[in-house]
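Quick one: structure below, then a few questions.
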Amino acid sequence: MSTLIVIDQPPYGGWAGREALDMAFSLAAFDQPVSLLFCGAGVNWLRKGQEPGTVRQKSVEKNLAAAPIFGVEALLADSDDCNRYGLEPGHLLDSVTLVRTDPQLFAGYSHTAFAG
Amino acid sequence: MSTLIVIDQPPYGGWAGREALDMAFSLAAFDQPVSLLFCGAGVNWLRKGQEPGTVRQKSVEKNLAAAPIFGVEALLADSDDCNRYGLEPGHLLDSVTLVRTDPQLFAGYSHTAFAG
Amino acid sequence: MTEIKTLHILNKSPEHPRFTRCLTVAGPEDTVLLIENGVLGLVAASASASGKLLALDADLAARGVGNQSGTVETVDYDAMVELTTRAQQVISW
Amino acid sequence: MTEIKTLHILNKSPEHPRFTRCLTVAGPEDTVLLIENGVLGLVAASASASGKLLALDADLAARGVGNQSGTVETVDYDAMVELTTRAQQVISW
Amino acid sequence: MQDSSPFSFTIVITGAPYSSQAPQSALNFAEAAIKAGHRVDRVFLYGDGVHLASALASPPSDEPHWPREWSAFLEKHCIAGVACIASALRRGLVDEGEQKRYELSASNLLTPFIIAGLGEWVEGRMASSRTVYFHGSD
Amino acid sequence: MQDSSPFSFTIVITGAPYSSQAPQSALNFAEAAIKAGHRVDRVFLYGDGVHLASALASPPSDEPHWPREWSAFLEKHCIAGVACIASALRRGLVDEGEQKRYELSASNLLTPFIIAGLGEWVEGRMASSRTVYFHGSD
């Protein structure tokens, strides 16, 4: 009975990704099982070495690294989309699991939601 | 020294197309030469037989038909995108000219702008 | 009344990456309901949807795409509500 | 200072239809400047841009894509302003 | 026609009026749900959807006034309308309490909407039999 | 380094703060233009960009306050900031005049922004040597 929150929009250009993270952390705070799926341009949230201070935004790298501690069950990333954006495993934040975004993946969750 | 206003977003789901039309009509009202280019999903503005009363919006069919009278020089539509959306010439509003969206087309205008 | 595994509510035009993603993810026991700009992808969705495909009548009529492809089953908002109650899960794209 | 025919300011990710459209329309005498989400398309744009390709340094650094592909010429906002003055026309996508 | 047992809905709107069709589609859906004998527990506005709770929106008189139509619907059926506080504050949507706290010149939250946290969304999801999202298009 | 003859700019912003990066990129650009000795004639807010003129936006204190930063920049350099009236009224952005005309409970337009028609955009395009648009991303 876990929820999948999907982030398919890239970081910094918009707020939808942050708002999706807030949704996931809220569920975790209420002890509701939740995982995050990054796909499409959303996989760029997972790149190591982001310096969003240059656009005066806060890094989410620490939040994502601490996601398991906050109670988020898994950080999933679409492997094809990672390839498309040149994200090899070494470029990805730790604790990310590569998956295929297919019907089977979604069937494992009772709810799936986007932030916008 | 003509301006090209580009509409690449579909009708009714958002307001950007209407706001682009307003830009074109404003330029025409100030006697500034202007043409409209519909491309991508934006070609769906040009389909005959729209009934936006079902979503409680106003039809732009009459505005577009009257565009030449208002001083808009041309209504251009990308022919490939019309094909992609099954828009044969008979489905299109009158006074639409089919074009290819290529560097030559844009070179014919001194300014090009989107509404958003 | 057959049960629906997942009802996918798809409101994006075929230009939007979520349109393709939705159709990739929807399985044979699922239903895809096209609403808003999604109805512009009727032809593309008919070709690739593995489950059932429906489209909202008001949005089809607004965009004038109802008559051209008479093959899709259309629904109104009453039927859309019923679909959400018959589906185990609802995903809005 | 070479003249630029059209400066294309591209702030969309490669998933967005305007990204491809911009690169199709940009001719060999044009310059494409990637900003915001546009810098995520650096690799795709390098492969298909017929004119000059530039990327805004602040947006590259924010997204951590600067170091991976060291080939693109980067500019700051001062240079971006200068580019707009050197171009006959500026199109923001 | 309808299943005999009533369902309850939480409706989440993330698209703004006059930028997206989301508030309109959501209202049509909510009205149909009530008509079918179901309950709408709560409407939660998130992201750009919070603009639906603006008391100052003034569309042309020949266009639907989505904030007022939603307000009337919520009051008629005693449905809670909640705008996410984090989304609302960033986007300039404030009630009198936030006006005082941030020493702002005015408040602009339309009744009966209230401002509250994402916990309202979590609670809605748990309490309602279905949660349906209405996002912006493209 | 710079061309010796100064240019003048009209800047058009169509993306909202906290939904897009447009107001930030535009401010960085405008500051660089002034620094290079150019003139910024006018900033025109269109579509969702009108939310940049909100007097009620209250982002967390550790995030930039884009409406206030823009307001300070406009005042410092005596630049006209104009929100399109049609975009603004639909989206709940009103000055005192519109508040009275539409009998609204408050106004929320941040100084020095004013509300005016698309004619201001047409005029800006004609008067300035360059018009540069900042749209929302995706």
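Here the chain labels run A, B, C, D, E and F in written order, and each chain numbers its own residues starting at 1.
In the analysis below, contacts are C-beta pairs under 8 Å (C-beta built on N, C-alpha and C of every residue); 3 or more make two chains touch, one makes a residue touch a chain.
Given the structure is predicted, the values throughout are model-derived calculations rather than measurements.
Separation of chain A from chain E in touch steps, taking the shortest path, is 1.
Common neighbours of chain E and chain F, by the contact definition above: A, B.
Taking the CA centroid of chain B as reference, the farthest chain centroid is that of A. Centres computed as Cα averages put chain C at a distance of 24 Å from chain E. A straight line joining the Cα centres of chain A and chain C is 26 Å long.
Work out the mean CA point of chain A and of chain B, and you get 38 Å between them. In chain B, 10, 12-15, 40-41, 55, 57, 111, 113-114 are the positions where the chain touches two or more neighbouring chains simultaneously. Listed for chain E are residues 18-19, 21, 47-48, 63, 90, 131, 133, 135-138, each touching two or more other chains.
The set of chain D residues touching two or more other chains comprises 11, 13, 15, 17, 36-37, 58, 92-93. By the touch criterion given at the top, residues 16-19, 47-48, 51, 54-60, 63, 67, 89-94, 98-99, 102, 104-108 of chain F touch chain E in their complex. Those residues of chain B whose C-beta lies close enough to touch chain D in the complex are 8, 39-41, 101-103, 105-107, 110-114. The touching residues of chain D, counted against chain F in their complex, run 1, 9, 11-13, 15-16, 35-38, 58, 76-78, 80-82, 84-86, 90, 92-93.
By the touch rule above, chain F contacts chain D in their complex via residues 1-3, 7, 9, 21-22, 25, 28-29, 31-33, 35-36, 38, 129-135, 137-138. If you check the complex, the residues on chain B that touch chain F are 15-16, 19, 22-23, 26-27, 30, 32, 111, 113-116.
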